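Just so it is clear, A, B, C and D label the chains in written order, and each chain counts residues from 1 on its own.
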Amino acid sequence: MTQRGTLSVAVIGTGRMGADHVRRISQVTNGARVSAVVDVDAERAKSVAATVEGCTAYTDPAAAMAADDVDAVLIASPGPAHEAALLTAFEHDLPVLCEKPLTPDAASALRVLEAEQKLGHRRVQVGFMRRYDAEYIKLKALLNSGQLGRPLMLHNRHRNAASPPGFTDAMLINDSVVHEMDVTRWLLDQEITAVTVLRPTPSDNAPDGLADPQFVVFETDGGALVDVEIFVNCGFGYQVQAEAVCERGTARIGDGHAMVTNAAGRWGGTIAQDFVERFEEAYDREVQAWVDATRRGEVTGPSVWDGYAAAAVCEAGVRAQAEGRRIEVELIERPALYR
Amino acid sequence: MTQRGTLSVAVIGTGRMGADHVRRISQVTNGARVSAVVDVDAERAKSVAATVEGCTAYTDPAAAMAADDVDAVLIASPGPAHEAALLTAFEHDLPVLCEKPLTPDAASALRVLEAEQKLGHRRVQVGFMRRYDAEYIKLKALLNSGQLGRPLMLHNRHRNAASPPGFTDAMLINDSVVHEMDVTRWLLDQEITAVTVLRPTPSDNAPDGLADPQFVVFETDGGALVDVEIFVNCGFGYQVQAEAVCERGTARIGDGHAMVTNAAGRWGGTIAQDFVERFEEAYDREVQAWVDATRRGEVTGPSVWDGYAAAAVCEAGVRAQAEGRRIEVELIERPALYR
Amino acid sequence: MTQRGTLSVAVIGTGRMGADHVRRISQVTNGARVSAVVDVDAERAKSVAATVEGCTAYTDPAAAMAADDVDAVLIASPGPAHEAALLTAFEHDLPVLCEKPLTPDAASALRVLEAEQKLGHRRVQVGFMRRYDAEYIKLKALLNSGQLGRPLMLHNRHRNAASPPGFTDAMLINDSVVHEMDVTRWLLDQEITAVTVLRPTPSDNAPDGLADPQFVVFETDGGALVDVEIFVNCGFGYQVQAEAVCERGTARIGDGHAMVTNAAGRWGGTIAQDFVERFEEAYDREVQAWVDATRRGEVTGPSVWDGYAAAAVCEAGVRAQAEGRRIEVELIERPALYR
Amino acid sequence: MTQRGTLSVAVIGTGRMGADHVRRISQVTNGARVSAVVDVDAERAKSVAATVEGCTAYTDPAAAMAADDVDAVLIASPGPAHEAALLTAFEHDLPVLCEKPLTPDAASALRVLEAEQKLGHRRVQVGFMRRYDAEYIKLKALLNSGQLGRPLMLHNRHRNAASPPGFTDAMLINDSVVHEMDVTRWLLDQEITAVTVLRPTPSDNAPDGLADPQFVVFETDGGALVDVEIFVNCGFGYQVQAEAVCERGTARIGDGHAMVTNAAGRWGGTIAQDFVERFEEAYDREVQAWVDATRRGEVTGPSVWDGYAAAAVCEAGVRAQAEGRRIEVELIERPALYR
């Protein structure tokens, strides 16, 4: 399928997430460019816009969305600003990627929901990025396959090395556990019907005023039980794990980046079946590295010397194989260009 | 740093690898486009060109390289055609990504080496893609850090489920073990000085005329000893593993996608330190999925309903936390738009 | 320290557990023998006694405990019979190993508690065998070391392939979760102060009348929170896992028989430091195999031929090492005695 | 089967291994006792004998073997003394467990081989204890099952934290690699036909005069290829691993104590099918701990208080389950006897 032309995106909000999305769209994403950035802080907007060719800085989201060279909007401003930005985007009927949360509370989310319905078609993708994680995708596929039967329980671990200053009990739910809420709904394709929060005596490493860790239990309309260990001062790192317990087996993700299942008397995982599966990302990275270096006017990576040396070693290898003995490799002296 | 404009690439060869690179540059890579494809088979060249907007089909590499809208060349034609294509690219002083092998033998590789030296600067990146694999990159970084001391041995496993028809003993070296040759040279930063090939009685699953598996030993000018199990009819899948044995520890990659070390009385691996490290690829995939859907005129991914439901569950969660009891979640009925 | 003479044990109850303990004491345990077995089923008692030299069968526990050649009692009769047997053992001041449960309810357990206190010294070891499991012992040692800080939560998985006929909800607690109750108290050195049981919609594989799986939460007087997944028809096998979440790290046991910790930015486990640690059990098994075979009048295991062949290969190895080349091994023809 | 009476063993040699075997037979092994110990050092023999009831010290192996209360002999003296001790044991037709090596060289081993053949039946078990290791036993069973097809290669790792003083290149073969020699012969049921030793530049941590690590290759009469990394100053611990590469899969042992296979598109291991498999060793240890404590006049392990507490928590658990709510546990105050 032939893709349409490059997508011109307005990024609203140029804080940590917004600036990172500007970098991503400009340097990583295929088929898109940042044509506008918006921030109430005009200086910040300008300095971010300056990093991208042909990008205009705005302080007013509405002005950016009205611009001719804006095809789509990425909202990365603080949560309280989302509702207004979303409604404006709806006026222009622009596609939106809206960072989570959609809005800070259910009432405002409901207003957005109604506005999009009036539009008559979906325009918004909400930024629950775990749905795009390779491991969660594998787990979802396994659950959907029905291979392990119906999911009965979902055990989650969500650990951060340390919480940022000012982190509160409510933020533990709204900023952290919200990911497990979405993931639960998505993985199980069920709505959450009740929530219970249990608290052990806090860790001595918990900052004043924060009861850390906590243990949150969800019930769902499909009868599943979901537990979440949320521990934002665990000290040892960032760790997100999920174990689905199904009628005929379990599957766990988040341990060293590979899904491990228990089923039919065996624990373990799958082996890639070809080099495409195993090295697809390496190929992507290789070509991107070449394009990036070339655009910078540089040459990096394996050189002609490396190609020559491999050819010489191969010749020795084939002889060693044919003659059944040790063969020495002969190389010319390494030229200055390749040192 | 502001990037220069989009790189226009001529892809030479539209077989399996070439066609895949056309797809990659068009749909995955940031900052590049395919402006020309070349194949001796004119029909194939045309049909591949038709999948990309603004892409011209050629049968002659030299004609493509002379075109105005060609900034760089990706050579994915059969090995014997590489030398001519490389020399032509040098005439035009074009940057080249050349699929491995550079050329089929050491003598021709040497001619390319001399030609690039005459040019006076490097123009070629050779397609040894393992150097871009996340795990090999981690292993290389660990070895370079000196943390485990000098590498003494490198044990490699290279396994394919089944070999393609017509695979020969020499291809086992030239097409398969060549990857370990390059990786050895790159990981250790040493040249290979001798090769020995040992052969057990072949597997009953080895096709006629192929002694499979084989066991290849390299010696290096740094005094390291490298062994490679090459087994291209192992039946169970594709598996590439490497274990570096250093003076103070070992590190192994290729077991379920995480590097495992032995050092200082402990085996294990590192834990990500923040969500960027853990979920960076998910963010990349999220934004790419949004751009791709938007360019197709579709909306996919988490919806406003998902954003609303998360907000409602968060509200219940914060109340459950504050009141120390189970709180039921209240949701409106799911509108038709989101079913 | 010189041990006293062999301990003569009366085993009360010769059902599955009792008969197994008779076998264990007779064939595995060092320093003990079974001098008496007791069962209300006289025939069964006799047939078990017949497997052990010098063992008498009884139907009355009191008669067995009064016998001259009984130094200690192992109670493996059904739970309701434990109280009477324990009180009789106290009358004879005999050491007791009492299979779990001590007694079927708290009131009767309290009576035993009072009786032992009247005796003035401990006489009973209760059969909570998980405290003797190598992995639980490692986890306990790690928690006791204080290395990871105070334990805050303990996540447990307790899975059986299938439940026996007639298994009830109450048995899920009394027969299965009771192990996690004891292990919680022992690992944390804290009393359990409250219990909550949560239930997802049961698995379709749960037998009628059994809500399986269930999720049990304990609170402790030290402020820890403990959760137990109990799933007795999981289909895939028997699996017992525990993960302690502490202030500075976590430790998990039950995944393929090695404790895995998360701490200080790394996941992993310890490496044995010498062959005694790694192969101690192999030595124990080797000597036991030799003693067992010898007592049966047999010779098994590595033969003189194996010793000779190893010596011949060693000689070749030392020459290969000294001469830097491949050395062939010379063996005489294998004599008939060793074929 | 009724076992014959307790086996009375003479242990020849009371160095590290000998003394450990005396302890093992006295305190771990079922069905045997040490009735005699022999050492050229009379004082050492006496002091070891004094730790065992009814054990006599000798300086002459022949005298010990002639004693009435000696049924069997365990030879743990230095290798050069083995031949004489074995021949004497043959004269008395005594069963022997002989520590490895059988004798220090092939010529003397051959003399023992001939002597045992003259005896007309096997009398000797050689102390290659890896054949009794649980993991090697599993690997052997898997290979014997034929499930993975014929073994083609065997990769071995044999690592020690540090070598003892005076360790030589020849000892690397005779004391260390000898284990892989035996294990190869046993696992594959094939004889080794040739040996090659390869050496990287030694580690800086290798002591003077020792080339460490080395890489040893065996060929077998069944056409298998076996490689051994021997690294006795690896620094990080003691590690013994073996990976069998078969026609349809591989199996590796020695990584954190569980066999991991690659087969049919999946990596992983088996899950225990019942509690006996999972906790058999815990039961053995539990009963042994009880017997040992009882013989010392002590009571250890879970107490009646633990039994009572478990009963009380169970009662709360069953109520929590039945009533669907949190139930508090009621315990009496802990009596002094159990504090």
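Basically, contacts are C-beta pairs under 8 Å (C-beta built on N, C-alpha and C of every residue); 3 or more make two chains touch, one makes a residue touch a chain.
These figures come from a predicted structure and were not determined experimentally.
Which pair, A-C or B-C, has more C-beta contacts?
A-C
Measuring between Cα centroids, which chain is at the maximum distance from subunit A?
D
Based only on mean CA positions, could you tell me how far subunit C sits from subunit D in angstrom?
20
Roughly how far is subunit B from subunit C, going centre to centre by Cα mean, in whole Å?
49
Taking the mean of the CA coordinates per chain, how far is subunit A from subunit C in Å?
Chain centres of subunit A and subunit C, defined by C-alpha means, are spaced 45 Å apart.
Give me the residue numbers in subunit A that touch at least two other chains, ranges are fine.
Residues 236-237, 239, 256, 260, 262, 265-267, 269-271, 273 of subunit A touch two or more partner chains.
Please name which positions on subunit C make contact with subunit A in the complex.
Checking each residue of subunit C against subunit A gives 149-150, 152-153, 155, 159, 198-205, 213, 215, 217, 222-225, 227, 229, 231, 234-237, 239, 245, 247-250, 255-256, 262-267.
Would you mind writing out the residues of subunit D in touch with subunit A in their complex?
Checking each residue of subunit D against subunit A gives 260, 262, 265-271, 273.
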